[in-house]
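A, B, C and D label the chains in the order they appear, each numbered from 1.
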Amino acid sequence: MEFSYFPGCTLKTKARDLDETARLAAEALGVTLRELPEWQCCGAVYPMSREEIAVRLSSVRALMAARDEGRPLLTLCSACHHVMKRVNHDMQTDEGLRTKANNYLQPDKPYAGETRVVHYLEMLRDEVGFGEVARKVTSPFKGVKIAAYYGCMLLRPSAVMRFDNPENPSVMEDFISAIGAAPVRFPYRNECCGGYVALDDRGAARKASRRVTRAAAQHGAEALITACPLCLYNLKENGGGEVPVHYFTEFLAAALGLKTLEGGLARAS
Amino acid sequence: MQRIGVFVCWCGSNIAATVDVDAVAQAVKTEPGVAFSTNYQYMCSEGGQAIIRNAIAEHKLTGIVVCACSPRMHEATFRKTAATAGLNPYMVEIANIREQCSWIHKDREKATVKAIILSRAAVAKLNLDSPLTAGETPVTKRALVIGGGIAGIQTALDIADAGYEVDIVEKTPTIGGKMAMLDKTFPTLDCSACILTPKMVDAAAHEKITLYTYSEVEKVSGFVGNFTVDIRKRARSVDADRCTGCGDCMEKCPSKKSKSEFNQGLSNRSAIYIPFAQAIPNVPVIDREACIKFQTGKCGVCQKICSAKAVDYEQQDEIMTRRYGAIVAATGFKTINLGRFEEFQYAQSPDVITSLEFERLCNAAGPTKGKVMRLSNHETPKTVVFVQCVGSRSTVECGKTYCSKICCMYTAKHAMLLKEKYPETEVYVFYIDVRTPGKGFDEFYRRAAEEYGVRYVKGMVGKVAEENGRLRVQASDLIADKQLVIEADMVVLAAAIEPDPSARNLATLLTASMDTNDFFTEAHPKLRPVESPTAGVYLSGVCQGPKDIPDTVSQAGAAAAKVIGLLAKDKLVGNPCVAGCNEPLCNGCSACELVCPYGAITYEEKTVMDHGVREQRRVASVNEALCQGCGACTVTCPSGAMDLKGFTNLQIMAEVDAICR
Amino acid sequence: MPINAESGEFKPMIVAFCCNWCSYAGADLAGSSRLSYPADVKIIRVPCSCRVNPLFMLRAFQRGADGVIMCGCHPGDCHYTSGNYFARRRMALLFSMLEYLGIEKGRVRVEWVSAAEGQKFAITMNQFAETVAALGECKRLEDLRCQP
Amino acid sequence: MRVDEKTLAEDIVRMSGTNVKKCMKCGKCSATCPSFEDMDVHPHSFVTMAEEGDVAGLLKSKSLWKCLSCFACVERCPRGVEPAHLIEAVRFFALSPQGLNKMKPDVVPIFLQNLEEKGAEVPQQLLTSAFRKYSK
């Protein structure tokens, strides 16, 4: 199994843990990640207004590069995944944008959304299979109660993302079960943490993230996992320390016996 | 060559004032085939008709053209006149020189010229007319009703009361349908079971009605008046003739973990079961998926304890073939799957329920004996939030674009029943619009708000979250422009309704059309609302569109009246202006079969003479009893084999030629 | 087609196909409401707009018609449920072919007229006749097989 | 500010790609919005104002900067109206004239300093999105 890999800017700096554990785990699971030779920031925010063309171009370049390599494009950060999938969808469905982007980039072969964009979790679910993940687990997190935080960008808008049931997703819970832990479902796992305004409106960010961490703690979660560096930052920084937050890949790498969980688990026992 | 008589009517001064009727009569004399022409003050009067009859006899006419008012007015009159004079009634053509000439033109000269042209076109058409005879088919005096809910029961009772045999085919083990599950009915709040069960008993006891429960329609052939239907009677594993309905088997059955369909999964039932106490027939059925005997071969308790020796594990499905004159679809509805509306936490919290589940909780014969309780902890809820339009009026993938029609009223009912039982309960209803078009309906809803203190809030619920054992409901109050957060104990979702999934397959069997939502389409949305476009197929209840009980019962009666009207006839006289296939020209392409909205065209292997060569070929064949004469097939036919009697290609071309001469 | 000898005024020849259930009844209503439209319009009654074979229209143009209009029930109101949808598609194809043959767009038209729309019928016919009159005499499609 | 409000309103709606006429005023967007309390103009009013061409009201609303772009309104709208897309289009027009930036370049170091003093690991993603949104 080979994928073109788009790490994104944060995974090269502040979210090195996410990148590193993901690569280790992929290798152990027999998945080869080939980082795109040259990539640029995806823009971090999907340009919702239809006429913004320039900010879509870097994503189109990455998508096109993956197409030329003949592989699906794998992403990890929720924001990158969101932007890539939506821009790809635009390229498939919006003729105006497609024409403009191709006119601008002048590629040898025009791009029309041929690349399949796959999130790391989708790869685990659909390509590797959680059964296989479970078989490879050497140090299961037996009895540990873990809550999954999906956030906004992986799930919505579901008509484009087609990631999971947007209101009752299960891929991360299935992942938690696969590493031997007990998934905790809580109602705010798909509500916004407010990370988007964490820089300039800390009050709003705090309010939104506390709602998430508190609900997770109330439902008995011992840890919260996420796929998104911004969510992780915000839930840690503004979530009031109700529950420890980790990348899901940290747990994966630990369960596969590749790298111990940073900070361990502060368990009551 | 035809011998045509042309009769120009004055219509008093209606025509004669603007059109020179004599000039018209003179002008058409020279048209090919015209043997006689005249004019008269009122052709439709007895005197006028006598002139026509006499002329037919005297001039040995083979057809007549009447230049008068619209054919929509007197075509039938003149056809009868022709028939009494011994002519084929279809050897009559009308030139509309009143509505489409004298009444709209003022210039006498222009109007006269136009009247001549119109008359000439009618003559040209008549020259190509040939006598037509309407086909006759006998009627099997027995009706089939598919679906045993209130719609099917009512239709069957009305037909049976008129003296005709009716069979009801119901796919579940009992008749009664959704109405049997309801607690009270709006707007009178009388108990649903109290008004339904007597009807169920009537249906079962009626000498003209035969019930086939746990049965499905498998095959339909034939056409109006003459359907042949295969019914699969699924094996109950219990001999209905022997069973006394004592219920011992259900009590002793060790497999008791199946969800009760009747209680919306809120309680369990045994593998051998009767859906509810008043079920008809009162004969258990074995759910073979759940039965230990059928799954493992070990058990057989029910057979051992049955003193009537009714339990029969060897019973097989039975296919019965029956003939019917008319078929009524009454397949009803179900609530939509809420899997994509999880912002309301339906699958995740036991305290979030659908309205139909609430109905069972309210019902004294229900799983909680009428005690409304939170399913998580069996406590009485103190705050209850009702959410309207869950999946209705939605244009997104998982919703339904239509209004489900019944939710506003049953929610008002639920709110009232709740307040009646537990006056201290805080009750909220979140609505987009409250729709109450029905007798006494708005008054009913206002009573809920004004007398019972139910809080109606205009706005939608956006998110339900379980917090500290309660439900945090986040919603809009659009009038106050506020976001409300309500700590509720129970949330009741008014899920959209959709046609029962069995309707899709049935529509295919019946060649009855459906709309994009899988509701059956009616023959005409205003004027023929209980008939399907397929002759002999009628619609009753929600299978045609969302309806409450009063509407369903009215429509059920209307469908019955249509069926009775059909069965009362000994013979069906068809419309003779139907399509026909010129077999040597037919290339067997099936294009006509695909466009026919009535399923009137089939293909047959036939021996055809083509240029003196005898050949075996696949050719189209029109069932004249089903064809309604629209002509869609005639234009689709690439080889010109299909033509429409009374409006043939050559006739219309002749009219074109006569007008453009 | 004929040009009035005295006034020199052009009188177009117009054929209107009307379905029996809606448009023909609409034309009757226009009549009983005494709403006038040019006498150049002559109506042919058909059971449904889907009975109108494109050949009928071509025939009209062959025989010297200057304009041909087809009227049917409104979409969704067809007496035979779907006939007018068939008709609409066929006419769309026919009209583009006619344009290809050099017959102006304005000479053909499809209009949905219900049995209650007498006024609409009259207005439609007035407009159509005016449009066709403005286009002048139509070049005649000839069936060469019919030439001597 | 442009003179012709009607044209501007039409531009905004076109750019957002939403069909405001589909809105049936159910208020589910406002019911689901996590920032409702901090907003002066609420999501459902945003749609109505765009429909009515009240551009001035949209451009100066505080809500413009309170929307978290979480797409909950987009996901849950039963009519597929997409209020978040509309808000983004208004932002675009609010930012395009010079000098109307929500956030000036010189305040960013102060934000960062404040955060980093507490040892926060501000991800690039946050900075990128902040700059992308608040300055053109």
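Keep this in mind: a residue touches a chain if its C-beta (ideal position, glycine included) is under 8 Å from a C-beta of that chain, and two chains touch if they have at least 3 such contacts.
The structure displayed is predicted, hence computed values, not measured ones.
Using CA-based centroids throughout, the chain positioned farthest away from subunit D is C. Chain pair with the larger contact count among B-D and B-C is B-C, by C-beta pairs in contact. Taking each chain's centre as the mean of its C-alpha atoms, subunit B lies 49 Å from subunit D. Separating the CA-averaged centres of subunit A and subunit C is a span of 62 Å.
Here the spacing of subunit B and subunit C, counted between their Cα centres, is 35 Å.
In terms of their C-alpha centroids, the spacing between subunit A and subunit B amounts to 50 Å. The residues of subunit A that reach two or more other chains are 167, 191, listed in rising order.
Taken residue by residue, subunit D touches two or more other chains at 72, whereas all remaining positions touch fewer. Residues of subunit B in contact with at least two other chains: 343, 396, 463.
Applying the touch criterion to all chain pairs gives A-B, A-D, B-C, B-D. Contact residues on subunit C toward subunit B in their complex (touch as defined above): 13, 15, 20, 24-25, 27-28, 30-32, 34-37, 39, 42-48, 50-56, 59-60, 63-65, 76-77, 79-83, 86, 90, 122. Within the complex, the subunit B residues that touch subunit A are 339-343, 345, 347-348, 396-397, 463-468, 472. Remark: subunit B residues 70-72, 96, 98-101, 103-107, 110-111, 113-114, 117-118, 121, 513, 521, 523-525, 533, 577, 595, 597, 628-632, 634-636, 644, 647, 649, 652-653, 655-657, 659-661 touch subunit C in the complex. Only residues 159, 165, 167-168, 185-188, 191, 215, 218 of subunit A touch subunit B when the two sit together in their complex. Interface of subunit B with subunit D (complex): residues 343, 389, 393-396, 399, 432, 458-463, 474-478, 481, 483.
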